[in-house]
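I have a structure I would like to understand better, so I am pasting it below and will then ask my questions one at a time.
Per-chain residue numbering starts at 1, and chain names A, B and C are given in the order in which the chains are listed.
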Amino acid sequence: MSYLEFLAEFGPRFVDGSVVTAMQTVLAAALAIAIAVAMGLMRLSRSVPVRWFATVYIEIFRGTSLLVQLYWIFFVLPLFGISLEKFTAGFVAVGMNLGAYGAELVRGAILSVPKGQWEAALALNMSPAKRMIRVIFPQAFLNMLPPWGNLLIELLKGTALVSLISVADLMFESKQINSTTFLSAQAFGTALVIYYVMSRFVITPFMRWLERVMARKMGRA
Amino acid sequence: MFDWRWDFTFEILPRLLLATVNTLMAAGAGYAIAVVLGLVLALAQRTPYRALTYAVRELVEFIRSTPLVLQIFFVFYVGPQFGIRLAPWTAGMIAIGLHYAAYLSEVYRGGLESVPKGQWEASLALNLSPARTYFRIIIPQALPPSLAGMGNYLVGIFKDTPMLSVIGVAELMHTANAIGSESYRFLEPYTLVGVIFLAISLPTAALIRVFEAWVRRQLGMS
Amino acid sequence: MTKETLSDFPLELEGADVPMVRFSKVTKRYGDLTVLDSLDLDVAEGEMVTIIGPSGSGKTTVLRMLMTLETINEGVIYVDGKPLTHMPGNGGLVPADNRYLRKMRANIGMCFQHFNLFPHMTAIENCMEGPVHVLGLPKREARERSEELLEMVGMADKRDQHPSRLSGGQQQRVAIARALAMRPKVMLFDEVTSALDPEVIGEVTNVIRRLVAEHNLTMLMVTHQMGFAKDISDRVCFFFGGRIEEQGKPEDLFGNPQRERTQQFLSAVKEAS
């Protein structure tokens, strides 16, 4: 079977898998961003229990493996009465895991805003919430965009693990195709290339574009 | 926790601890490969040969932007298609070593670039050989700024070893899966695996920070 | 560097008065910018030549080309009668290979504006590095030589300190000892006092004064300290726009400059100080 014939026969399945991978990535990214902002801010809270909670969350999710977390969420959580469907369990695990890494980026970016900005906001008598939303966070946001680009690629790669709980993503499809055809180089090679294209030619340019747009918006271009 | 069974916990703990040894060996061997191969990849991008630089750069980008678990499958299954059988351990070490070599090459590259240009010029003015310049002057200075990244990836490779279970390397995750399918109990094995990972990765991360400070002091650069 | 064979330059300088350094029609460009324009400059053995001139006039570039840190676009540099970055071949001069370059480089030592000491080595280790690993001296001999030189620059008591523990003036003195430990025939000093606090400049210039007085080294120095240049130079070259605008004995060039640009430069410097 030539590679073209291979593509003609299995192309649609690669497409289906890619769509699932893309959906997992988008949903997991949304969750990761929400968790990262929440945990990052909580890490900077003045309340000890709040800070402590965020620290424990971050250390647990960064200290263990995504695969362990995925299995735990999918196989163990039901024992506690929380049954997630495999598709949901997949992006929830990925999002919660990468969210913990993102929290550190959020925290670092907020701390990197010069002290003068905090003081100027205080001098304008802004409330702490206003100060954060109007002054600090926008500047921090710009600072953390580049590392978020890398994190999103890690996230995309992380979604490949959901195939192990049988979510029919790109990884899953390539494994299935491999086990019926034994054309491993074609099956896995094609999937590798698709992941590469998604990282290098979708996520990276998107983040670059976002960086440019935001920089211009904030007068730093 | 209502359903937690301690007798079962103690029954499976020895098996899991034994598997932990395998996990640590996998992480150690993979990291050893990555440390050396990563340096090769980093130095290969500093030769005067443009084409080589470009090819290695693309390879590194490719490895870094595709999933490790897929790379593990690729290395394990593609060999037999062309008549090369790799044992799961071998395939796993190649895949994970290569994956992290790509990451470490970026760490080294950053470290090398952080060495001031004047150090190269002084080495040339003293007529030091290129090898001597690299190994005695540049790399020792590139090392301290690389240590944090190297440490992160040591912990990172350890946390990625569960992926080796997909091709049957008998590390922690593989053992936990086996226990689960024998006993139909998932709570204890998966939770224990998580706890073991935490118990190793958190202290390791702390130790690495101490080590980093120590190296800086040893090199008289703090 | 010129890739083709140069045929209108001698393969070697011969005769009684062969200079230690000769720049022969040397041109250096960065893209469209011509930094040195067909420069001719001879430095005799044991001579101390100081280069002065406005910023960007190409002073540093002269030294860096002599140290082979920069390539040459046109012309040939001779050191001790032999071409520096070319070697005989193909019936003329061809670009030198690495082996030839390393052999020629052994003639030259350089001190940098920012010292460039190796931060992970102590003062004496910095000095011993070259003698042991380039010249292949036994450790003991290299140590003796280095201690002597550190003694001469007044840094013997700090020999086991890392550079981060030394002041700028002290680092620069160690850097001078390190360069001298290689026994070069030509020493280059590029604004070695420019990065120093005013109160420690003297300790470095005094070392150079001693070198001039006690050793028969050939030296090329770039400096902005006119008084110092006047004191110790055998000859001063005023650079302007990549050429030597005027040169002569220090008392002539400083006391009675002929060219208008030299006069302007010197009076501007005088006003600033």
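Just so we're on the same page, contacts are C-beta pairs under 8 Å (C-beta built on N, C-alpha and C of every residue); 3 or more make two chains touch, one makes a residue touch a chain.
Model, not experiment: these values are computed from the prediction.
Under the contact definition stated at the top, no chain borders both chain B and chain C. A summary of chain positions shows that the Cα centroid lying nearest the centre of all protein Cα atoms is that of chain B. Per-pair tallies of C-beta contacts place A-B first. Farthest from chain B, judged by the mean position of CA atoms in each chain, is C.
Taking the mean of the C-alpha atoms as each chain's centre, chain B and chain C sit 47 Å apart.
Centre-to-centre, using mean CA coordinates, chain A is 21 Å away from chain B. Separating the centre of chain A from that of chain C, both taken as means of CA atoms, is a distance of 56 Å. For chain A, the set of residues touching two or more other chains is empty.
The set of chain B residues that touch two or more partner chains is empty. Residues of chain B that touch chain C in their complex: 116, 118-119, 121-122, 124-129, 132, 136-137, 140-141, 219-221.
Chain C meets chain B in the complex at residues 67-69, 102, 105-106, 108-110, 112, 114-120, 122, 129-130, 133-134, 162, 164-165, 178-179, 182. Looking at the complex, you find that chain B touches chain A at residues 3, 61-62, 64-71, 73-74, 77-78, 80-82, 159-163, 165-166, 173, 176, 180, 186-187, 190-191, 193-194, 197-198, 201-202, 205.
Put simply, chain A touches chain B in their complex at residues 59-60, 63-69, 71-72, 75-76, 79, 153, 156-161, 163-164, 171, 174-175, 178, 182-185, 188-189, 191-192, 195-196, 199-200.
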